[in-house]
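Below: the structure, in structure tokens.
When the chains are written out, they are named A, B, C, D and E in that same order, and each has its own residue count from 1.
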Amino acid sequence: MDFIVAGIVKAFQLLLQGDRETYSAVLATVQVSSLSMSVSLLIGIPLGYCLGYADFPGRRSIRTVVDTMLSLPTVFIGLLVYAFISNRGPLGEYGLLFTLSGIAVGQAILALPIVIALTATAVESLDRPLRLTLLSLGASGRQVFLTSIWEARLGLLVAAVTATGRVLTEVGISMMVGGNIKWHTRTITTAIALETNKGQFATGIALGLVLLAIAFAVNLSLSFLRRRA
Amino acid sequence: MDFIVAGIVKAFQLLLQGDRETYSAVLATVQVSSLSMSVSLLIGIPLGYCLGYADFPGRRSIRTVVDTMLSLPTVFIGLLVYAFISNRGPLGEYGLLFTLSGIAVGQAILALPIVIALTATAVESLDRPLRLTLLSLGASGRQVFLTSIWEARLGLLVAAVTATGRVLTEVGISMMVGGNIKWHTRTITTAIALETNKGQFATGIALGLVLLAIAFAVNLSLSFLRRRA
Amino acid sequence: MDTILRMREVRYTYNGRPILDIGELDIARASITGLAGPNGSGKTTLLKLLSGVEKPASGSVSFMAANTTRSSENTVRQRLCLLPQEPFLLRRRVYDNIAYGLRIRGGRGDLAGYIHEALELVGLDSSFAGRRWNELSGGEAQRVCLAARLVLRPDCLMLDEPTASVDMESARCIRRAVLLARREWGTTLIIASHHRSWLNDICDRIIYLYNGRILACSFDNILTGPWETVDRSTVGCRLSDGQMVYACKPVHTAGSAIVSFSDLDASGPVQERNIKSLQGMINSITLDNKQDVPQAVVSCGDQRFMIKMNGDAQGAKQFWPGQTVTLHYSPEEITWLEK
Amino acid sequence: MDTILRMREVRYTYNGRPILDIGELDIARASITGLAGPNGSGKTTLLKLLSGVEKPASGSVSFMAANTTRSSENTVRQRLCLLPQEPFLLRRRVYDNIAYGLRIRGGRGDLAGYIHEALELVGLDSSFAGRRWNELSGGEAQRVCLAARLVLRPDCLMLDEPTASVDMESARCIRRAVLLARREWGTTLIIASHHRSWLNDICDRIIYLYNGRILACSFDNILTGPWETVDRSTVGCRLSDGQMVYACKPVHTAGSAIVSFSDLDASGPVQERNIKSLQGMINSITLDNKQDVPQAVVSCGDQRFMIKMNGDAQGAKQFWPGQTVTLHYSPEEITWLEK
Amino acid sequence: SQPGYGADQQLLLATTTSTDNTGLLDYLVPQFTEKTGIQVKWVATGTGKALKLGENCDADVLMVHAPEAEKTYVEAGFGVNRRQIMYNDFVFIGPESDPAKIKGRDVCASLKAIMEKKAVFASRGDNSGTNKKEISLWTTCTETVPEKQPWYLQTGQGMLATINMAAERGGYTMTDRGTFIKYEANHNGSPPLRIVVEGDDSLMNQYSVIEVNPARCPKVQNESARSFGDWLVSAEGQKAIGSFRLLDKQLFTPNAGN
């Protein structure tokens, strides 16, 4: 129990005294998760919209596949990405291994099913007459898309928040693809895993609190979006 | 790359030849995730409903807190639970450390914010006149709850599926609280982590596929619920 | 009077804007009460308060002396039933939609008999029971919603625009169903509608709402202005055909006024102090099923006025649609409406 | 005729159930067309097809020779505009709801002028612009939806029950707006409504739909049966007052028939071969604003029949509401409707 | 042992990953169980965490390889009865091209060469026994740890992951022999990295067994823990350790009592 208290104290120390290692990990975390979230939202929202709106044969099967993809273990994704970007892999020449970009690729794969599944649900549960109303006002396909997305923004916000939570907290991909290299690809979560393995439980707790602080800052700014909704 | 192919082959071997270690891990995974999902759904759905339906001061703040909890790192949860159920912790006497029940406690904490946040969103995006209609038909508070939940079942399904994905794939809690003890608390994900650590990438891939097979089976049975919706 | 619903000093606001202000309202058991009033006058709000779905900001609403808004009184709420203005169906088959209310009241087993009977009451054949909620036209959905209320046989049934998108045949059907409910089950009914002739036809009493208040009189002949000052004590409202309606200057500059016409006259204007007249053409003459007094609708330009004709049906003999007539009114008897 | 909308051999089905079957329909530019028919007759479906929101299963719909359903033809779709039956507002302020259509057409900057003008057309004052979507009564929401269409000044405007939950004053307001749109902007209008007198009043032409087909004639006097066999060649439908309406046996046992009455007669039944008669009481006599022919509604028990009176307004002089009259019809001239 | 725990005669062993990953425990534990009837469960983790589990009374017995840390641990009263049981050795491995040209040289010369040539060197950086050993070598040979040098990768991961990272970067690393044998086997005998430095005295890797202090942790099963340690240092246990083969190679040399 005492290490929890010690961890809380330490969290303040790390943040306030500007521990360089911690800040390096914070920076890496923020960079890599912004990158992966941007990619997955950009790809996932349109795909989720199609899955939620359009009625095509095989739609439910695709839905089941996407839902299954929600259970992709991070280490598994890490291994797959590693296989491709390792020096001996087909994409080895791009030098993505042990870089933040490499991690972002894996994290985008991790976040994508969440964004797609939750966007599809948000779009599905839009008010029933919305589409008819927009069409009746002469909206084009693109405009129907944009307005529906805007009307579904609460659901999309949750999709984004959930995916961000997933990406921020994953360890397997960052370890496998990023290599947890100190000063370079060490993120907060890989640092937590490392410290815990070292038996430095208090530091683990402290770093976890640092991550929560980041998440809180993100969610606090998003909650203004919610207010305007 | 070749280990991916080898992994696919191996996945079939493991499943078809009834590898005992694999089945033990499958069993542990299924047991622990069913337990944690039941607990988190049972607690999370009513809480999410309140958060989505009721209008009370501080609601948005609670929402932000829940959203932040989506970013609880698994190792962090693992450490917290460990602190409580360690022999020197306040709940040490119950002997939960290195047991499946212990893992389930941690996983329930992991799944809870997801269930709450997604339930609240599903309830919020119910058709606008639903509540008025139910009240006008004389439904009591409990009946309004049950019917709203039923009408929001698509959203709840997604909440459950997302949380299940999270629980099935987490490593940190199972490692920290379960200890990855062979034949006892070794789940598929901790086995993947172990094999990957040993450099047995093919086995890692194979076990990942086994996990996906479980997830697929779960989602396939849930997709019948979706059909009836 | 055997009062089933009683409202006292009820005030209701949305975001601080006062919407409803009812001093006293009693609904007699087994009566049919109409609720008329322009858009936004508070009909829907009043029905929601009466049915206990919403709570008043202040004041009391009681059902057979039990308070309707206390949620513990769920059994009370189950004896009241509201048809909301917007027809809304659960995402189920029509059958299950109608069965819903029965089920939450503990109805089990085969409810088909009740459900088909209710469908028949609203003029839908029983094949509709198998349709899904989204396989209905607007008017069909509206009628299914009504059937879902009728099947419950509540003590008190409140209908918010039951005939809004319903065809004429079905409007008659609903009329029959309403009368049957009162006759067979002793149901008390409160019905809000813009369908005035339909409402007149079935109601024992009509309550006129305007700006959230109950008016003492009918307000068929409402003039919304603009009013121009004619002289120190008189204002006037110009109709689209150039005629002017005069009124005594109100205390405060209010917007709308109710004109009551004393009579219809086939001859020209009279020369009497304090009596003014308008020229118009009879548009229609109608006899209510119940009331023996014929009513004429007279149009003066764009404006239409409704006038109860003196005497019985025979009195209408001397008038015919298309005829030019004179309407008499006294500028002093104009009622100003509070904004 | 300058045809703006053309429909040919259009068929539409829901899950295999045929809903609409229109051989040929042409809408003239700047005309006002009414769409009447009982619930479920296909009015809404027809409007959706005409506005290009839905695609027909087979057949063609074209707008000024361009196919409306090809989504690439987005500019065509923007010149057509539909007011859906269910009023629906986006979760924004009223202002933004009305501005939405303007914005997707590229409208930028200050649209307040247009928006207040549109609100005024539907009889709402400009303070409504600042309200949120959920701060409106049913009729107000309906009128905001209409305003959001009027503001676009489309070439062709289709209104699905614009007056459904709107008060009488606003119904007149909408009538004025519709006429103004045609006069000022040359808008073509197609209006579905159950409000028959309102529809008669403003339409150049009324299309009667029944079971998804266009009827050649008006169908005010529909008898839905049940029909009992009277003799080998005749069937009859018993009214609630005991009288029987006779009809020649149809080829197939259809459900409904349209009765057309040749005339109203103040004297008793005639004794002519092939002419039958019914006794009833005049309920109302109405003169359309446009048409000079007065119409009477005669009730026989529960059933009400509408009869155009022969001659001009003066011909109505001999009748008055409350009077008992005889209606004449020929059993052979009854039109059977296909189920 | 504890009443109420009697039925559940399960000994909980916290150990480092190397003993588990190599398969040593899978080989030893059944023999011990057969002999004593005591069931053993083990948690394989970093040495640091294994010690911590003992400190928190969550394990009964520890099997670790960080002699310095172990001594302070026992001094602090967390553990009792530390006994050496076996050793294996560390090796330096590197790519065949051998950029720092250290093949066959001694440990200190190699480290200096690596530092001079700025050849990539992957360090586990996780406070594990291996990591501690490596750091002590850097300090004795070069007086500094090349912290923050761009060529010095601190992976913070397990041994195999670190080897893989060294291989991907074409660099050197220090590993225990057991893991390297596994690594070799994974690559069918022709791994990208080969042994470059071995056999130095300073590369010895000593394993010990420590019982968790029953005075601090009344619930631990000290009797079973004691029998486990006893068995390991017994002639029978030592023989078993000596006869364990990984891919036909002896991995651990028993040295109890030395």
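One rule holds for everything that comes next: a contact is a pair of C-beta atoms (placed from the backbone, for glycine too) under 8 Å apart; a residue touches a chain by one contact, two chains touch by 3 or more.
Just so you know, these numbers come straight off a predicted model, no measurement behind them.
> Return the chains shared as contacts by chain C and chain E, ordered by label.
Of all the chains present, those in contact with both chain C and chain E are B.
> Would you kindly count the fewest steps from chain D to chain E, each step being a jump to a chain that touches the current one?
The fewest steps needed to get from chain D to chain E is 2.
> Between copies chain A and chain B, are the contact residues mostly the same numbers or mostly different, with half as the line?
Looking at both copies, the contact residues mostly coincide.
> Of all chain pairs, which one counts the most C-beta contacts?
Here the largest contact count links A-B.
> Averaging only over C-alpha atoms, locate the centres of chain B and chain E and give their separation in whole Å.
35
> For chain A and chain C, let me know how many angstrom lie between their CA-based centres, rounded off.
56
> Measuring from the mean C-alpha position of chain C to the mean C-alpha position of chain D, what distance in angstrom results?
The mean C-alpha positions of chain C and chain D differ by 23 Å.
> From the mean C-alpha coordinate of chain A to that of chain B, what's the distance rounded to whole Å?
Chain A and chain B have C-alpha centres separated by 17 Å.
> What are the residue numbers in chain B that touch two or more other chains?
Residues 88, 127-128, 196 of chain B each touch two or more of the other chains.
> Two-or-more-chain contact residues of chain E, please, as numbers and ranges.
161
> By residue number and range, which residues of chain D touch two or more other chains?
Expected reply: 86.
> Can you name every chain pair that touches?
A-B, A-D, A-E, B-C, B-E, C-D
> Give the list of chain A residues in touch with chain B in this complex.
So the residues of chain A touching chain B come out as 1, 3-4, 7, 60, 63-64, 67-68, 70-76, 78-80, 82-84, 88-90, 113-114, 117-118, 121-122, 124-128, 152, 154-155, 158, 161-162, 164-166, 168-169, 171-172, 176, 188-189, 192-193, 196, 201, 204-205, 208-209, 211-212, 214-216, 219-220, 222-223, 226-227.
> Which of the residues in chain C end up touching chain B in this complex?
Within the complex, chain C touches chain B at residues 48, 51, 53, 71, 74, 77-84, 86, 88, 90-91, 100-101, 104-105, 148-149, 152, 154.
> Mind pulling up the chain B residues that touch chain C in the complex?
127, 129-130, 132-133, 135-141, 143, 147, 151, 229
> Can you list the chain E residues touching chain A in their complex?
Counting only chain E, the residues touching chain A are 45-46, 48-52, 55, 125-128, 148, 153-157, 161, 165, 168-169.
> Any idea which chain E residues touch chain B in the complex?
12, 17, 21, 41-44, 56-58, 158, 160-161, 163-164, 182-183, 186, 217, 219
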